[in-house]
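One chain, chain A, appears in both complexes that follow, with chain B as partner in the first and chain C in the second.
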Partner chain A sequence: MAIAMPQAERAPNRDRLALVLGIAAAVLLLIALLLMNRLESRYAFLTLGAFVLVSAFFLTLTYPKRPYIAFIFPAVVIYTMFVIFPAGAAFRYSLYNWTGLGPATDFIGAGNYSEILRDPQFRDALWNNVQLFLAIFVIQNAIGLPIALALDTKLRGHEFYRSALFLPVIVSLVATAYIWQIILGPNIGMLNPLLVDLGHPEWQRDWLADTFLTFKLIWIVQAWQHIGVPIVIYLAGLQSVPTDLKDSARVDGGNSWQVFRGVTFPMLAPAFTIITITTFIAMFRAFDIPYVLGGPGGAPDGTTDVLSLVIYREAFGLGGIVGSQYRQGYAVAAGVVMFAFLIVAVSIQAIILRRREVAM
Partner chain B sequence: MEDQRNHRISRRHLLESAGVAAGIGLASQITPASAAPQSTTPFFQRNQESTKLTFWGQFPELLDPFKAVMADFNAAHPEIEVEVEMTTNDQYKTKIQSALNVGSGPDLYMVPAQPEMNNYVNAGALVDVTDSVDLSQVIDVAKDAVTIDGKVWASPSGRYTVGICYHRNLFEEAGVTEEPTTWEEFRAVMQQLLDAGITPYSIAAKDGSLTYFNYIGLASSVLGTEGFEQVLSGEKKLTDPDMVAVVQEMRDWVPFYQQNFLGTPYAEAKALFATGKTAMMDCGSADLSGYYEIDPDAQLGFFYWPAADADHSQVTNTGMSVMYGINPAIDESKMNAAITFLNWVATPEGAQSMNRNIKLLPVVEGVEPEGDPILTEMVNSPLDIPVWYERWPTLNIGTVWTTDGNSAFDTDTPPDEFAAKLQASVDEQLANAPVATPAS
Partner chain C sequence: MSSGAIDAGTLPASVSRKRRSLKDTLVSITIHALLILAVIFALLPVVLAFLASFKSLFDFYDNPLGLPAKWEWHNYTSVWREAHIADYARNSVIVTFVSVPLIVVLSCLAGYGLTRYQFRFSRTIYLYFLAGLLIPIQLTILPSLLQMKALHLVNTHAGLITLYTALGLPFSVFLMAGFMNTMPGELAEAARLDGAGELRAFWDVVVPLTKPALATVAILNGVSIWNEFFLALILSPGTPTLQVGINNLRGYYSTEWGYIFAGVMVAALPVILAYVLLTKQFIRGLTAGALKG
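Let's turn to the complex of A and B:
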């Protein structure tokens, strides 16, 4: 005679089984990905098949009590397959002396990392990225914010100015860089002949080969290309400042500067946070403009070198003209270091800026 | 009750769908390898069928010329067809490596020159053809280029040679009647051109490409074959006084380069020469067709890198541009056809076809290049030394020129400081020599 198990006892058993199946599914997915990584495609697909079956039982058991799991499950699997696992695999490759061809077999542990820490080109490039960020940060706040304030006053033709200022943002970065190369180029450039026509031939320069000037010009080009973003974000922030707050400040006798300082600016704190963090990430990922204007070697004499260029050079060489060594293991390690640096730096920024938002 | 029914239906659906998906996945993989579709044609008939090989290369601009080469091969071997697929130079490496890494890709592919070829050999991405390909008619420099540790890994079929090209009409305009043979004569010619209002020399320092070729050309003329071997073995240093003199010589040429040469990239320097705005430029055999395309009436001349003095020899630098290798993942039934192709390109007939269609310098003994007499002049160089990036110890010299090249021309820095950077690059390479060392 079958003894019917009470409903209350069956539920914990089902939860336990679901938990076991969930863990099994995760393990199977991991094994399948590892097999794929080792090019064992037949076994990888077999394991994936098993993963699908186990996942189906897992979702069937969890669906009645926790239906949301079935909805997030596909996204988690896809994210694991295409982001988390490749990131992990990249970390693994960073521990090898690997050219990018064939299996990575020459395990060197933290060798690439210790070399990166001692590598002057990496250090110099990192410092250049810091300078680039600081320059753009200053430019976008010193120029972008006043422009946003001006546009917010709905001056005549403000929609045209807004579009015109945002236009460089939607132009491809490579195209932007080539436009500026045509302006600054030593033989085909327009700037030097213009200076001659303006009566200042003594101002002519080899703009793209000056160890002091070239990187500063890259700041300007990068700022020109990027400034539309902070303008639009600040403008959106300004438009969300309640007019009654500003009006009451004015009624209390505040002048324009006092209203801006005491009401508008604090209300822009969230916009400031977003702009600062996105600019930081963008400037540490800068590649196209330094590549075109400074070349793959960060000319002149490495003064325009940035982290992305170092990673590119190590992974793919110098573009095949003069030959060079390919070290994808080292390049991946540099990418991991850059990623870790960005995570830490952005987290610190986010914490500080959020506190500032609350304080304001 | 309604809720429960809905749950039951959903769970069943979920389970059914997943079961079907998993079942299909499993079924498709459980099929044994032996059950893979196979030709039902009897073996004796299959041998007479045409074999189709696939070939990947990195010159999309040369797709039609390569197809013409394959057509010539097909005329000689009607039972074999070779299908050509080209990918742009910057994407080729990623594409071929990804394919080779997963055991797929073409039957034949364009192999990079040494020392990068070492990576392909070490990764097992090339078939050893030592016993199956006959390179007896191939010139030594090309044989060396495909030989690693005594084994042959590819079939060479084209090379390029670098020296100096010039516009004959501009030389005539300046009253220059003789091609210079020594550095001193060369400086005199450049002065003569400058006096006539002609910019003597086009160079690209921004990406280090042409300054680098200039350096290896002049340095090769000082070193000769023996000296170059000594640099490769570490016996001779690039900081020796005669090698520092090469950097100094390039500095002495600065008044003759185009204005703002430090900021000039490769393409711009080429454009200046191609349009006749400068009289001379570093020039390889592969560049000629481009110059004639820009100006079909161009009156180009060519001379070897001038020697340091009358005691040294003039020189050219040669590199390998097309080498055919076999992918180890090739279907076994196609292996004979692939070997036949590799043998054909190493014959006078194959070399002639490569030269005629792709304008590369032939690598087979006795085969004279067709067309431009400059090509004949190039193959008759009195002394030919490999381009330095095809040798492991000197691989990264170009990187120094690219990342630090301005300091070579900085008059505040002594030339031996720059020479020390070049030597440091050689020392580092020698300290990190790969397991398989290229033949030199």
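Let's turn to the complex of A and C:
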């Protein structure tokens, strides 16, 4: 008993010390991050060193009673430092006329935002993202869904078909853009010689420099790379539809279309929601294929421009062209607008599609 | 699939069966034909690019669709040595094969901590990670670039590894926590009661049971990091990964497309080969990744 007493007394002390150390670690991390944003490298490193030291003490103290803190700690710290903090900092930089070359000092309030709202290149790029999404949306439901329905019948070779159709998904978007040069490219493309062989030489053109067609071809290239994902998700959704449900509908005299419309399609609603939202997000983040095929300027004539290209171009200019401006404050503000747009659009879609799921 | 359900009632059974089987055969042939067409559309560009990577420039014009007249292995040796593809490949390998284990370990630990212990803020921290799924890289990239400058990590492997790891965490933690929630908790409890330390219980009992989720996290992050372009282009033009590197080839070779496609194949073939070997796991991993957001 006499021995137990001091231990029992020490425990609350220990907790209090741990709490102090934990708060100290958090403060040190915040200071280090703020120093980084001011490009004070040496002090940032010193503070980070102190943070690591304090954290080590903190974790040793808490581990015996609360081991979960040590399990979660590294992931939380790295995620906070390199995702959450930069996201927060973005809102601050968007209020500055900032070149990105040094710390931000020239505060201009909402100036970047009001400029974005009046900027035709931003509006056009946003519209292109919308078109890209709509095109892929139509293609994946008009082509991807029937393919999934066909594969769901477990016809011979269905696993081969599925694997082959999914393969483009793992090809990088940059490689995809290059691979498609072999069909569409002006020098090596096969489409033009093919048209000559088919007896229509007048249909030949420079497919990647056509103000009307090039962006539409980018839809097809994006769809080629992306469509495996909706096929596989629809297929998983279909396999969750009980077969007896379909059979009983058919016995009741429904034809294939009626069975699909009345039984299968409503059961696919959750898959439809997931596919629509993920495609939306993917197409609003699109960068690689337009960048490789149209360059940072969205050639020809800005017709292939998308939001990510605008952000890239404002931040880094047109790839080494002398005199091009570095307007990273503006670019960050464009990123914030894109982020806000994504959140609002995805929430609206989620609400509408969820309601539909329930209604059906 | 069958579409003969309606006439079944109106015709004598034998006639109907015969007609249905003929109709079914026709339908089935049409479906197969359409699927084969889709497969050709999916695979042909890759196959053509693969063949093109062995062609000489003349060959491109003489027979665009056929096999190479002479297989030019020289294309590969040339890009590998002259155009620094060897360096780019090394960068990609280092960055991918360091980031992925880091993500796997960190997300596994965090997922375990969040689901297997009852404490006040576990739900809050889980939601804190989920919030990261909504943050697009386009929002964080420029502040991150400044941070990397301050830490002298621009144009280094460590810089790319740091950001890829951090960006991979939210979704990986989400996947790991989701998987561990479905796992019976008693096993780790039992190990703990047997006197095994927390880490022992975690390592000996939890990790082996979590292998499928670990594989999903590893494949998803491995493919997306290997294929990533935007971040690598901005953060690390001085130590280009393959995706940035093949984009440099156009400047280096201008119209020598045989070389360019050899570079493209060096970037694409490792993932394609891995996919052919582990098709099921890849499809599972990447469709899990599609659920992001």
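By definition in this document, the second predicted complex is superposed on the first by the 275 of 360 C-alpha atoms of A that agree within 3 Å, B and C clash if a C-alpha of one lies under 4 Å from a C-alpha of the other, contacts with A are read in each partner's own complex, and residues count from 1 in each chain.
Here is the rule we go by: a contact is a pair of C-beta atoms (placed from the backbone, for glycine too) under 8 Å apart; a residue touches a chain by one contact, two chains touch by 3 or more.
These numbers were taken from a predicted model, which means no experiment stands behind them.
Of the two partners chain B and chain C, more chain A residues are in touch with C. Judged by the touch definition given at the top, the superposed model places A:Ile233 against chain C, while chain B stays out of reach.
Shared-chain residue A:Phe316: touches chain B and chain C both. In the superposition on chain A, A:Arg118 contacts neither chain B nor chain C. Using the contact criterion defined above for the overlaid structures, shared-chain residue A:Arg66 touches chain C, although it does not reach chain B. Within the superposed three-chain model, A:Ile188 lies in touch with chain B and with chain C [touch as defined at top]. Within the superposed three-chain model, A:Tyr93 lies in touch with chain C and out of touch with chain B [touch as defined at top]. Of the two partner chains, chain C is the only one touched by A:Gly335; chain B is not. Legend: residue contacts after superposition of the two complexes on their common chain; A:Val83 is shown touching chain C, with no touch to chain B.
Applying the stated touch rule to the two superposed structures, the overlap between the chain B and chain C interfaces on chain A comprises residues 39, 41, 45, 63, 70, 100, 103, 185, 187-188, 316.
Interface of chain B with chain A (complex): residues 7, 10-11, 14-15, 17-19, 21-23, 25-26, 28-30, 89-90, 93-94, 97, 100-103, 116, 119-120, 122-125, 205-209, 212-213, 258-266, 268, 271-272, 387-390, 395-399, 401-407. On chain A, the positions that touch chain B within their shared complex are 39, 41-42, 45-46, 48-50, 52-53, 55-57, 59-60, 63-64, 70, 99-103, 121, 185-188, 206-211, 295-302, 305, 313, 316, 318-326. Only residues 33, 35-41, 44-45, 63, 66-72, 74-76, 78-79, 81-87, 89-90, 93, 100, 103, 143, 147, 150-151, 153, 155-157, 161-175, 178-183, 185, 187-188, 190, 193, 224, 228-229, 232-233, 236, 250, 253-256, 274, 277-278, 281, 284-285, 287-288, 291-292, 307-308, 311-312, 315-316, 328, 331-332, 335-336, 338-339, 342-343, 346 of chain A touch chain C when the two sit together in their complex.
For chain C in complex with chain A, the residues that touch the partner chain are 1-3, 5-6, 9, 28, 31-32, 34-35, 38-39, 41-43, 45-46, 48-49, 52, 60, 64-65, 106-107, 109-110, 112-114, 116-117, 119, 122, 125, 128-129, 131-132, 134-147, 149-152, 162-163, 165-167, 169-170, 173, 198, 202, 223, 226-227, 229-230, 234, 243, 246-247, 255, 257, 260-261, 264, 267-268, 271-272, 275, 279, 282-283, 286-287, 290-293.
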